[in-house]
Each structure stands twice: as C-alpha cells, then as structure tokens.
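Paired with chain B in one complex and with chain C in the other, chain A is shared by the two complexes that follow.
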Partner chain A sequence: MTDKEKREIVIPGEVVATGSEHLPGDNTIRQKDNILAQRYGIVEKSGKLVKIIPLSGIFAPRRGNVIIAQVSDITFNGWLADIGIANNSFLPVADVPKYLDKNNLAEFLDIGDFFTAKIKSVKSKGIDLTLEGRGLGRLDGGMTFIINPNKVPRVIGKEGSMIKIIKDETDCRITVGQNGLVWIKGDKIENEIKARKAIEFVTKKTLINGLTNKVQEFLRGVGG
Partner chain B sequence: MAYTKRSDGRKFEQAREIKAKVGVVPNADGSAMFSFGDTVAIAAVYGPHQLHPQHLQNPEKGILRCNYNMMSFSVSDRIRPGPSKRSTEISKITEWALNKSVMIDEFPNTVIDVHIMIPQADASTRCAGINAASMALAHAGIPMRDIATSVSIGKIDKTLVVDVDKAEEDYEGGEGPTDIALTFLNSIDEISHIQLDGKISTKELKEAVKLGREATKKIYEIQKKALKQAVEGSR
Partner chain C sequence: MINISNLTSKRIKEYLAKGKRFDGRKLDEFREIKIECGISKKAEGSAEVQIGKTKVLVGVKMLVVEPYDDSPDKGNLMVTAEVTPMSHPKYELGPPKFLAIELGRLVDRGIRESGYIDFDKLCIKAGEKVWGVFIDVYSINDDGNLLDASFIGALAALKSAKMPVYDAKEEKINYDKKGTKPIPLTKNLPINFNVYKAGEVIFLDPSIEEETASEGKLTVGIIPEKPIRICSMQKGDTMEISPEKFGEMLDLIEKKHKTFIGEINNKIDKAIKELK
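Moving on, here comes the complex of A and B:
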C-alpha cells in the first residue's frame, strides 16, 4: 500500500487527540484534555483542527446542495418531494423558472417523477427546494438507485475525475445527487448496468488508494 | 456445597467466548451481531426517519425506539412468538440503557428504530442485545457519546461470577442464583443501566459493579475491534 499515513478509523467515545493544542472539528467534542469522537468514521487532522468524516448515516442537507428528489405529493402551490431524509421537502411553483399552468402541476412533475433540484433553505420545519440553476429539472427515463450518501464525494472524485471516467467509458449521462441518489441514462441498457456496477464498485472500495485506475480496469474488464 | 467451580470450567471473572460482527443485515442502516457463547443477538438500526403517528413526535429531540424479541426456536421449549410481558420490559430497559449514549437532539420529530433479535438464547440475552444494539447504532452513523457495553454479573451461592449462563441461572443450592445486568459507558465512565434479580448485600453489590466494570472493558475492546475491522476489510 502506498499510503503515506494509513487513516485511522474511530468509534464514538474514542480519544482522537490529546492535548490543548488541538481543536475539535466536525463530529468531535472536547472533554478536558482529550478530543473524543462522536461518530463512527475516519479521522482527518488538518493543522490544529481534528475532524471526523463519517462512514455512514443519513444525508445531512445543506443549503446549495444539488440533490435528486422524487415527487411524493402535489399541493396547490408546489410539490412535496422525498429526498431520503426524515424531514419533508417542498418545491414551490414560484421557484420553477418556467411558465406553468397552476391548475395542472402534474403536467410538469407528476407523482413518482424524479428531478434534480438545489436546496434553497434548511429549516426545522422542512427543506425548500429550487429549480433555479443550470441543468435542474425533471429526469426523463434512465434508472435511479440509492448509494450511501457519505460515499458521494468519492464517487464524484477530485474535480469530478471519477465520475468522468465512468461517463466516458460507458457513454452514459450520470447525475449524482448529494443525498445519495444516482441517475443514469444511456443509449443501451447494458451500458447503464455497467455504469451502475462501476459506481457500486466505488462505494465498496472507497478507502483504496489509486481507485480511479482500478475503476478503469474494472470497466474495461466488464466490457470485454 | 459452595459454588467453587463453574459448570463449564470457566474462571469466575471470565466471560464466555465473545464474537462480534458488524454489518450482518445488508438492508438496515446499521447492524451488528454479538454473542456470549451460545447466546446470540442480532441488532438492526433503521433511521432516523419520520415518526408516525404524529402525536408521538418530540419537536425537541429524536426518539429511540427499541424492540427486543426472542425467536421461537431460541430456547429448547418453543417460545410463543410476538411481544410478551418479558420482551416488552427488556425493550424498554434497552431503550433506557442506550438513551444515555446517543445524541439525537439534532433529529427532532424523528425516530430511530432498533430491532434486536435473539436467534439463540443461553441466559444474558439482554446484555448481548444491548451490546449488539450499541454497535449497530454506531455502524448506522448515529452521533453517540460512547459505545454502551453490557455484562451480567451473577452471585451463585456466595460466589460472584461474570457472564451468567443458563446452568448458573438455574443453580439451586446455598443462597441460590442472583443475576445483575449492568451496562457501562466506559470511556465517559458512567453506568447507564443496572438490574438486580435476587438477593445481594450492599457490600457484594459494590463488588459486583467493580467486577462488571473490569469485564466490560474487555468486551469494549472486542466491540471496538469489530467496528474497525468492518472498514479494514474494504481497504
């Protein structure tokens, strides 16, 4: 393994760092001189800051996240959507940058349809979505499946390197929502399945170094 | 006759062989298996997800909901499946034991479901259940203060023993059996659950708690190892 420093896995309650020179970051807490982990994950130390990147758990919505949602209900002024978390999310008609017939909202998005959206605000009551942004809107056809939302950054890769390889190798259009929903559309169903397998391969092997090369090998192996 | 030798030849402060594994239920958000010898517990965690009916929701913090169940074939006499007085009690006890360790204030109006199944029972099932549930909660990515570790301490006649099995639980003679189930949060040094079934003096109870603390430290290491190995495997 070419890892410079094997990244440490911690469990809740475990001491991550000792001494007052460290600062507790995400998912950690200070107890006297020690910094304790609060979640199951990987330790990342950047300078003084100690934080934990969780390995599991539900999607934590943030403003500005692009997600894939499924319409669960239609109201008089918008759509209720399921984005894989406990809270309700709502897409108001006012946040759709397009002329719509208010009496027939199902024409634009019907119950069960998938769409990409951006999170406009996160409140205790629920989440507001918006379609204002490039490339947001209904997803026609293709296939949708769920991956662990904590693995999304790995699937996308540094500046989208990983997802680009999968797209190029399979000739598919792929959208990965921050909430762990993935949408794939290709010309042939075989390519879609191939892309899906590659993404699932990435989520299983997140901790391996040089994963982009492995994925390339994997994709060529499946194809040939 | 005093209880000088344990029926299965263990030392008094020795627990049965412990096995722990994480990720045994693929469809759950988090899951774990934990066993003390022939006592096996499987825990699966789902959530946090929305709680219905709505009147049960708490707008201030999330709710932990545990469900303990013994499978009909877990003991030699078939046990009637479904909730019983005993399983309802243990579900509630487990909930209280774990509630101290989880930090679910960030998930208002939601519930975390913990299902504990006992496929094979040989006493101390609630302890195995709590250990499994605690690992499953961590595996599901729930923020926690610590991993709860549980063990049963017995007073068989006049001898204190760690991890009571069925033969000891049914011991007749001398002062008879006393069973104390204890749950510790070791890294933050707290006791989250203690249950006593039988007779014991205050002095002996203190001794038992001390013994339990030592025993759970060893069990904690096994839980920790299991959780870490679940990730190491994918490297």
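Moving on, here comes the complex of A and C:
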C-alpha cells in the first residue's frame, strides 16, 4: 500500500463498496448492491475482492495457525492446553514427533509450561494441536506477554519485515503466536525488555504509515 | 484465561534482585498518580484515582441509621469494594471473592483505626439515630496496586464530601437542600503502604506482573506524626517474613512516607479546589 492511499476505517454496517463489480471477502457481507462491513477494522481492496482486517475482537482459531499455549492439564494420552479463547484445545501424544515415556508425560510438558504448536483442526468440540513442524515445542526461559491478537499481523510485518528488525536490533529470539502471546528470549534481560517495548510500541501505533522506520528509530533511541 | 507466565515471573524476580524494574522505576518509586474529585453527582463525595494504568472509583454516601449497641453515640463506617470483570480478565461476576473482601477490609481498617473520621460528631441522637458513612470502591482497571489506589481514593472522597441536610422535625434527610458542611474529620490523616516482597527484594507500587510474581505483601497504615504512629497492619498472602526483613519494610515506609504524603495531600487539595 502506498502512502497516497488512505487507510479507511469502518464500523459494522458501514457500506464498504457499491456495485456488482466488487466481491465480498473476509468479514464483509453483500446486501443487494452494497458490500457491508461486519467488523470494525481497516478496508483492504485487492482487485475485485474487498476484505476487512479487524482491529478488535478475540482470536479466531484457524487451521495452520502457529500459537503459544499453556498446559492446563495432563490426561493419559495428551495435554489439555489454554490458548486464550473459550474453546478447549488438546495436544495428543501421537502428534508429538519424539519418543515419550507415556507413564511420565509431565517430564516433557508439565502443567503451567508454555509451548508453541500448530492448530491441526478446529471442530465444534474443540481444537486439536500438533507439534509436527519446525521449531515447535516447549519454551524454556525468556518471558511471555500478551498483546491484542488483531495486532499480530502488524507486529510480524510484511513477510516478517517488522519482527526481523526487532530481532536484529535486540539480538533476541522472538516467537509471536497468532493468539497474541509473544515469547522473547535473549542473552540479557535488558534486551528482552527492549524487544518487548518495541513490540508494544508497534501495537500502539498500528495505523501509522512507514512504521518500520519508526520502530528502527525507536529501538536505537531506547538503546541510547 | 492465561495467567502471567511463570517464565515472566522468573525474569521479573531476577531483575528485581538486581534492584531494577521492567518499567525503569526505582524499587520505591510510584507511577504517576492522578486524582479527580466529584465524579458522581448523586454521591456525597467521590473520587477517581489513577496510578499508572490502574484506575478506581470511590464514592461516599451518607445515611441516617441506627447505631450499633456497643457504640450508641458514635457514627458508623462501612467500606465495600467491588472488583469488576472489566478491570481484568481474571475477575468474574458474582459474590465478592477474597481480593474484593480483603480490599474493603484493608481500606476500612486503615481509616477506622486512625480515627480520621470524628465519629462522636456524627451522632444525631444517642442510641437512636446516627450518621452512617458508606464508602464504595469500584475498580475500573487493574494494572496492579489496587490497594493503594483505593485507599487514596477513599481519602479524597471523604475529604471532598459534603454532608446532606438532616431535617430534625421530619426526622429524615432533606435531599432538596444542598449540603455545605464537610464530614467531621480529625487531623489524623492516615496513609496505607503496601510493601511487596519477591524473593529477598521489597518494593512499592507493583505493576500487575510484579504483583503476580511477588510472594506477598505487608499492609501498614500509619499516621504521619513525630514519631510515626502505626494504626493498622496486615500481612497478606502465604509468605513468611524474617524479623530483619520486617524491620527493613518498616524502614522503607519511614523513609518514603514524608514525600509521599505531601504529594498525595497536595493532589487531593488541588482536585477539591478544581471542583469548586
């Protein structure tokens, strides 16, 4: 998106586009000739398709999302996890690509531990998680904190540009879960705090154009 | 609801042990405190207090009630606190839980035991009718340290309150007339300090993460005389304190109280002035 184009913010029920040449995308609905917004957010038009990137609301789980979860209970064949939404989520032992002692699952993941996982399926009875994928598993050390899940795409940036700047400037390992949980680990606590402040800075100023440059300035300013 | 993680708590403790905090404050430094009076038109006195992002509303209401049997010629004081679900996802609707009860008790004890309210002057007819002072605390946002915010709010609300007019002939309150008299208060202006302990470190004014990481707190209500008079005290949560640590906590309060009380007093007076 160029600087000339305005970021249009709409509220539910507002007319986003008129005419049959447009197609309703995510979070929009067609009513006769108009396309109406269903969420509060930014309008994005790509070709014929009109969609809305929401600015508020809860995390809506989808297949393939990488999230950060906390173990809430251990059963005989897996772990129950909390990912910050109403639905239950479950990680079966079969979806852990590693040899495990079935009698002592707590050794791998104990109650209260945090881990990254991928959403395998979303069903009405709950969400199934899997650890099959690169870099998924238990999180050791570092710190976690919560941001608004709707700001996650902005924190990551286009093709990971924003998060890459923060990682490079602070020398930290960062994982941003789609559910709004962020994990940071660095050599020094100071660096972790710096990275955290940068991420919180991004979530506060999502609507500004050219945010990546501002973040770079911000990080250098904090570093002194 | 995912709680603040044990990973973050560990990091906070490590950092506190170095004498540093995430937001760059000193261990005994408070966040910015804002006080506004006259929030509610229906209440006799009210105040909104912000400590950083923590926000509470406190209201004072006065009614004519029957005195308790053990104090027939004294007014009543009742403090109730409500921790609303909008202040943090961890709180839920329903009957008050431990935190809300503790909050009400601590504010109540701090004010009652200091003798800040002159209960003798709140008597209308001994054994039959006295004034009842009702203080209600509502949390709007909890970013840690609701206790200090509530106590400051209670002080500001009490100080800004105007007593309603009592009609002796009709034997009830005349709400048509606007009260001008303040609540009878004494010079014993109390202040509560909540000293938190995490590991071997003691600190004031925790953020919500620091509050979760800490093992417990000591609440001390003092009257800033010379020497300082302690009027109430309570140890919260399931931590143990060694006698040396306990002494350190009291020393911290002694060191902090002078500047802090002056600042709070000025802010309350300024808020009341803006009201008029």
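Methods note: the second predicted complex is superposed on the first by the 222 of 224 C-alpha atoms of A that agree within 3 Å, B and C clash if a C-alpha of one lies under 4 Å from a C-alpha of the other, contacts with A are read in each partner's own complex, and residues count from 1 in each chain.
Here is the rule we use: a residue touches a chain if its C-beta (ideal position, glycine included) is under 8 Å from a C-beta of that chain, and two chains touch if they have at least 3 such contacts.
What you are looking at is a predicted structure, and each value in this text was computed from that prediction instead of being measured.
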item	value
Which superposed partner A:146 touches (first chain B, second chain C, both, neither)	second
Which of chain B and chain C A:193 touches, first, second, both or neither	second
Partner chain in contact with A:75 - chain B first, chain C second, else both or neither	neither
Touching partner for A:36 - first (chain B), second (chain C), both, neither	first
Which superposed partner A:213 touches (first chain B, second chain C, both, neither)	neither
First (chain B), second (chain C), both or neither touched by A:27	first
Touching partner for A:11 - first (chain B), second (chain C), both, neither	first
Which of chain B and chain C A:114 touches, first, second, both or neither	second
Chain B or chain C, by number of chain A residues touched	B
Contact residues of chain A, present in both the chain B and the chain C interface	none
Chain C residues touching chain A - in the complex, by the definition given at the top	1-8, 11, 14-15, 22, 209
Chain B to chain A touching residues, read off their complex	29-30, 47-50, 59, 101, 103, 107-110, 138-147, 185-188, 223-224, 227-228, 231-232, 234-235
In the complex with chain C, residue positions of chain A that touch it	70, 82-84, 112, 114, 139, 141-146, 181, 183, 189, 192-193, 196
Chain B-facing residues of chain A, complex	1, 9, 11-15, 27, 29, 31, 36, 38-42, 54-58, 86-87, 124, 150, 204-208
